[in-house]
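Below, subunit A partners subunit B and then partners subunit C, in two separate complexes.
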Partner chain A sequence: MMRSLGKNRSHAATVRGRETALPYLLIAPTVAVLVALSIYPLIYAVRISLQTGSGEAARWSLANFTRLASDKFFIEALAHTFIYAVVALTFEFLLGLGLAVLLDRPLRGRSLFRSALLIPMMLPPVVVGVVWRLMLNPDFGAINGTLKGAGVNTESLTWTASPVLALASVIAVDIWQWTPFMFLVLLAGLQAIPQEPYEAAIVDGSTAWQTFRYVTLPLLKPAILIALLLRTMDLLRVFDQIFILTEGGPGFSTETVSLYIYRTAFRFSDFGYAAAMSFVLLLLTNIVSVGYIRLLQKQEAA
Partner chain B sequence: MKIVEHGERSDSKTPMKSNRRYANTMLMLVAVASLCAVLPFTGCKSAGPGAKQLSLAVNSGVEGDALKQAARDYESLTGVRVNIAEFPYDNLFEKEQIDLTAATGAYDLIMLDDPWFPRFASEQLLTDLAPLFQKQGQTGPDEDFIRASIALCKHPYETGATFALPYVGNSQLFFYRKDLFEKYNLKEPATWDDVLTAAKTIDEHERTGSPGGGRVYGYVMRAARGNSAVADFMPIFWSFGGEMFGEDHLRRFPQPAVNRKEAIDALKFMIELGKYAPNGYASFNASEVSAHLLQGTAAMSINWPAWISAFSDPEKSRVAGKMNFAVMPGARTEGRAEIGNWLIAIPRACRNADAAFDFLLWATAADQMKKSALAGNPPTRRSVFTDSELLAKFPSYPAQLRSLERSRPRPRTPQWNEIENVFGIFISRANSGELTAEDAMNQANAEIAKIVERNSR
Partner chain C sequence: MSERYAARKVAKSQSPAKQGRPGATRTRLARWSKYVLLSAAVLAAVTPVYWMVTISLKSEVDQFASPPRWFAFTPTLAHYYDAFFTRSFAKYLTTSLTVAGLSTICAVTLGTLAAYGLARFKLRGKLDQRLSLWILSTRMFPPIVTAVPLFLMMRDLRLLNTITSLVIVYTALNLPFVVWMMRGFFRELPRELEEAAMVDGDSRLGALVRVILPLVTPGLAATAVFCLIVSWNEFLLALVLTQTDASMTLPVGIAGRVTQYEIKWGVMSAAGVVAMIPILAFAMAVQRYLVRGLSL
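On to the complex of A and B.
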């Protein structure tokens, strides 16, 4: 009897032990993958960013970080990245919000519009780059062809080939592709707003603008912040469309930090400097993201 | 109620137990699977001397395709298995750079574009071929190879030890429209001034002369940043007397000289020529240039031999049979084209150097190279250039051979990728009107000096 009790007890203990060990066992593969694919490379990147030279000739130094401040190309690429992000974000947000409000109402053909709007977002950025590269070609492209047909002089409209228009052109392509994302997130946000506040507003005799300003916008704020946060992070590391559309040219006029990092690492094999630039970009992205998240938390607390 | 609850609980116990067993099995499976996934990266290779297996890194494109075909023939001839890893141009460089630096020995042979060679050779990542030649009773590469091509395979350039053999012998050619030149009584351009005059004449008179009824531009060029702008500028730059580096160019870290008068004059000339080029040429790459030439909307250009076959194909070209291919025009000095050869080398970490060398000799021998030439790759051997069957098929071979023989390589520096990038940015900026020729060259010089300085530390 005693023996069997003890046996039971020890059995129970192993079961309990297994029960406590199981969760760890279950998350172990995830942790292992995370360590292998994120933590280790991150530590490695920190290390090489703090070294110059490679192999046996590697020395510890801050040279990669001090070089950043005097690198005109990096500063220019950073400026392009910010202009790109701010302009694209503004337009994508305003257009996305407008479209979401419009298509939140019962309109005829609403579902058709909704699905048609999502097409650009579904396309791989590389395909978007190729298509727009062809459309923006000054001689054979559809854009200038249409403008010529309408009697516009397209002589100076060289789009991606013009140092003045190139950045605007790549931003326009981004807006075309990613406004649907804003639209989608904001539409979901709009549809999650309950009817009661609107009914109350009508009873109070508020105008359409007042309803939008004091009911819709505040209730939509969480969705807005999340949409802005996700887009900002994407915009700050934009790479593929620009790479296909202009490769950062003409000259340097559409080079973003991601492109410059890619070139430095894989074309010039200067992984240390590329890692240093990546950290600066990561830091800036983090600062912006934390800003958004603070706003979001404030909103939730209020 | 309680009994039911209890019953439910005890009922759920059995599936939970089997769930746990299931989870444990899954965990084991995951562990085994991840071990299996990791194993191939641990570098366990069974290959040794006399191995019956070789691995080969090639670029995806017509050059790599020819070598792949050669590998298949070699397999059926010798029974040695040749594994092929194929990558697009840019990825090929990344893969090779990383693999060679890490000395994994993953590839026994690599195909490389000649501008990458100084980098790999100066970092001692390639196998010196001299001992391997000796084993075969030879002193080095035979005399049939074009001298300019073999010079690329030596480190230091032309004078050093041989670390590769040339496989595809590209060098730029000057393309011009025979019919338009005859129409306006123009001779084949011998100088860049002739080119400018011809561009003006054709541009003035051919406002509606293209097959589609549009304008024929006098000249078309690639001035998109990077390789494009630099490749199309170099022949002009050299013929005006420009040099990338000054008098100390043989030193390991020479001073750039692209802000000298000759260099600025060359860039001014390029911009002048650009007035007769299509709008937006400052963003053109090979695809835009060939589109203009094939559509008959441009009369002249610098181009690579790979495009020749497209011009004789009426399916692709609206000017089939109307294009002539000539050697590079000169200016203050003789005109010289830029050379761009594909080489094959054996990485230093290769564990089957003898077997790899056997394949290398076989693939670059005249009869194999002829097969590659028939597939559209310019050879690197004189005997293949003068082969009667090939001459009948490729009438431009005499011009290609002359061009290749007096071609020039891109400056032989391990930092070429970085220098070319900066140089290309400023050439492109000057052509798009963003900077004057003087400003562009002064800034390019300063940036190149920085690159050299940084790497000398």
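On to the complex of A and C.
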């Protein structure tokens, strides 16, 4: 008895001895991979953004950053990104909230509706591009075909090929693809709200709108903030669908910051300037996310 | 959950506004308008995808018909044959499968070990918490920020246009996600489980493999499926790192066709349908974990 106890204790001691090293051994590979492929690239980008010329002729300078302020294409790309993000976010939020409210209560066929509504969000972005090139094609696309059938003159409705409509078209595609995400996160938020406040509201004789405005919305605020945060981050970096739909065109009318950086680096091989612009994008997304996180913390403290 | 609805229903039937005949009509009207709105939304979500499927199955005559033929056309598999047997899409498909599979295995293996270390050990100076947050923060970079230096690094290492480069990059892309998902699943299990196994003579890793992993298998599977989806869908980094027929993934292959001067709509749609099917199947499989997985 005593002997087995002693044996156990020494076993436990060796386990503990080994354990001082074990967690580090478990974590080290992951940290190594992330340092090599997330942190080192950032340092690399800092270096090339602070250099002009290449190879032997490379020189340290701030030229890439001073150039940003006077680059009207960059300013325009920023403006497109901003418009794109604000408009898409507004529509995605309102539509997503509406759908979430519709599906919050039990309903026959509820899970079927839910699954079907999530389809656009699941598609590979490239497939979304293909789908909407087919829909929006001015000559044989389903949209203009249907409009023509209804007697509408579609000559000027060239969607992604029109300088006027192109930005609106790519925004509409984003709304189509990502409203389901808002819907999903807000629905989860609605379902997590306890029953009691609703009962209290009914006892007080509140109308449906009052209940929604003064009970549901305040309780849903954390979910709303998280959904808005995640979507904003993605909207600011948008690339894939626009690349497939318009490649930033016609002209420059749908060029966002990510597309402009891509073009600068991989069409014009100006890697230093591309890196400098990518830091502006990084800074922008950081500011926005810190803002949201502050709001979230204030919400939790309240 | 159902109790809550029952309670709500009771509350609803007791509310004065819902009593009497006019109220009943109003409720029925409200229910019908709900169905109409939801059906409209589902139609809007699904119709464009259905249109692509029909284009992939239509002969060129039917594709360019006006008004558009939604149902009345003679289906043909010619575009699928063309895409996957006479063009290189079978190759892109193999590359996509290989890259997604290998990078998922790497990310899930490394990430699960790290997640276990971070979930179960208190490290000096709250290092465990700080490391967790740092790992999560690497997920916040916009991909274009790392795409430029990664391209140059891979060029220096002579790894451009190789499957290896994509496997490495996607492993890093998925790692933070795996760590956070699995850390959450591990933390839901009581510590006593391993402690009991270790008293019985198991080593720590033995306890992890024999006791803990079987309990987190559903979560582990869901995490792996999310990684597969991300790797399968990823476009920007693949576009930057692979440009040859032998190394490009399905999304890059499709994009190359879309932006060409003369577009083969049927071939492109066929490839799009094939790229979409596994993703929809996967997504249905992990529905239960969607919110958790997507808000990370």
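Everything that follows uses one rule, which is that the second predicted complex is superposed on the first by the 285 of 302 C-alpha atoms of A that agree within 3 Å, B and C clash if a C-alpha of one lies under 4 Å from a C-alpha of the other, contacts with A are read in each partner's own complex, and residues count from 1 in each chain.
By our rule, contacts are C-beta pairs under 8 Å (C-beta built on N, C-alpha and C of every residue); 3 or more make two chains touch, one makes a residue touch a chain.
Small disclaimer: the values here were computed from a predicted structure and weren't measured.
Of the two partner chains placed by the overlay, neither subunit B nor subunit C lies in contact with A:296. For subunit A, the partner touching the most residues, choosing from subunit B and subunit C, is C. Contacts of A:237 after superposition on the shared chain: subunit C is touched, whereas subunit B is not. Applying the stated contact rule after C-alpha superposition, one finds that A:219 touches neither subunit B nor subunit C.
Shared-chain residue A:37: touches subunit C; no touch with subunit B. Of the two partner chains, subunit C is the only one touched by A:202; subunit B is not. Once the two complexes are laid over each other on the shared chain, residue contacts for A:58 go to neither subunit B nor subunit C.
Of the two partner chains placed by superposition, only subunit B is touched by A:138; subunit C is not.
In the superposition on chain A, A:247 contacts both subunit B and subunit C.
By the touch criterion defined above, A:263 reaches subunit B but does not reach subunit C. Comparing the two complexes, residues 18, 22, 25-26, 29, 139-140, 247, 266 of subunit A contact subunit B in one case and subunit C in the other. Taken in their complex, subunit B has these residues touching subunit A: 20, 23, 27, 30-31, 34, 90, 93-94, 97, 101, 119, 223-226, 278-284, 288, 291-292, 295, 297, 415, 417-418, 421, 425-426, 428-429, 431-435, 447, 454, 457. Contacts from subunit C toward subunit A in the complex involve residues 1, 4-5, 7-8, 11-12, 14-16, 34, 37-38, 41-42, 44-49, 51-52, 55, 63-68, 70, 110-111, 113-114, 116-118, 120-121, 123, 128, 131, 135, 138, 140-153, 168-169, 171-172, 175-176, 179, 198-199, 201, 203-205, 229, 232-233, 235-236, 239-240, 250-251, 254-255, 258-259, 265, 268-269, 272, 275-276, 279-280, 283-284, 287, 290-291, 294-295. Interface residues of subunit A, counted against subunit C in their complex, comprise 8, 11-12, 15, 18-19, 22-27, 29-31, 33-34, 36-42, 44-45, 48, 98-99, 102-103, 105-107, 113, 115-120, 122-127, 129-135, 139-140, 142, 145-146, 148-149, 176, 180-181, 184-185, 188, 191, 194-195, 198-199, 202, 205, 226-227, 230, 233, 236-237, 239-240, 243-244, 247, 258, 261-262, 265-266, 271, 274-275, 278-279, 281-282, 285-286, 289. In the complex of the two chains, the subunit A residues touching subunit B come out as 18, 22, 25-26, 28-29, 32, 52, 54-55, 67, 73, 137-140, 155-156, 158-163, 166, 246-253, 263, 266-270.
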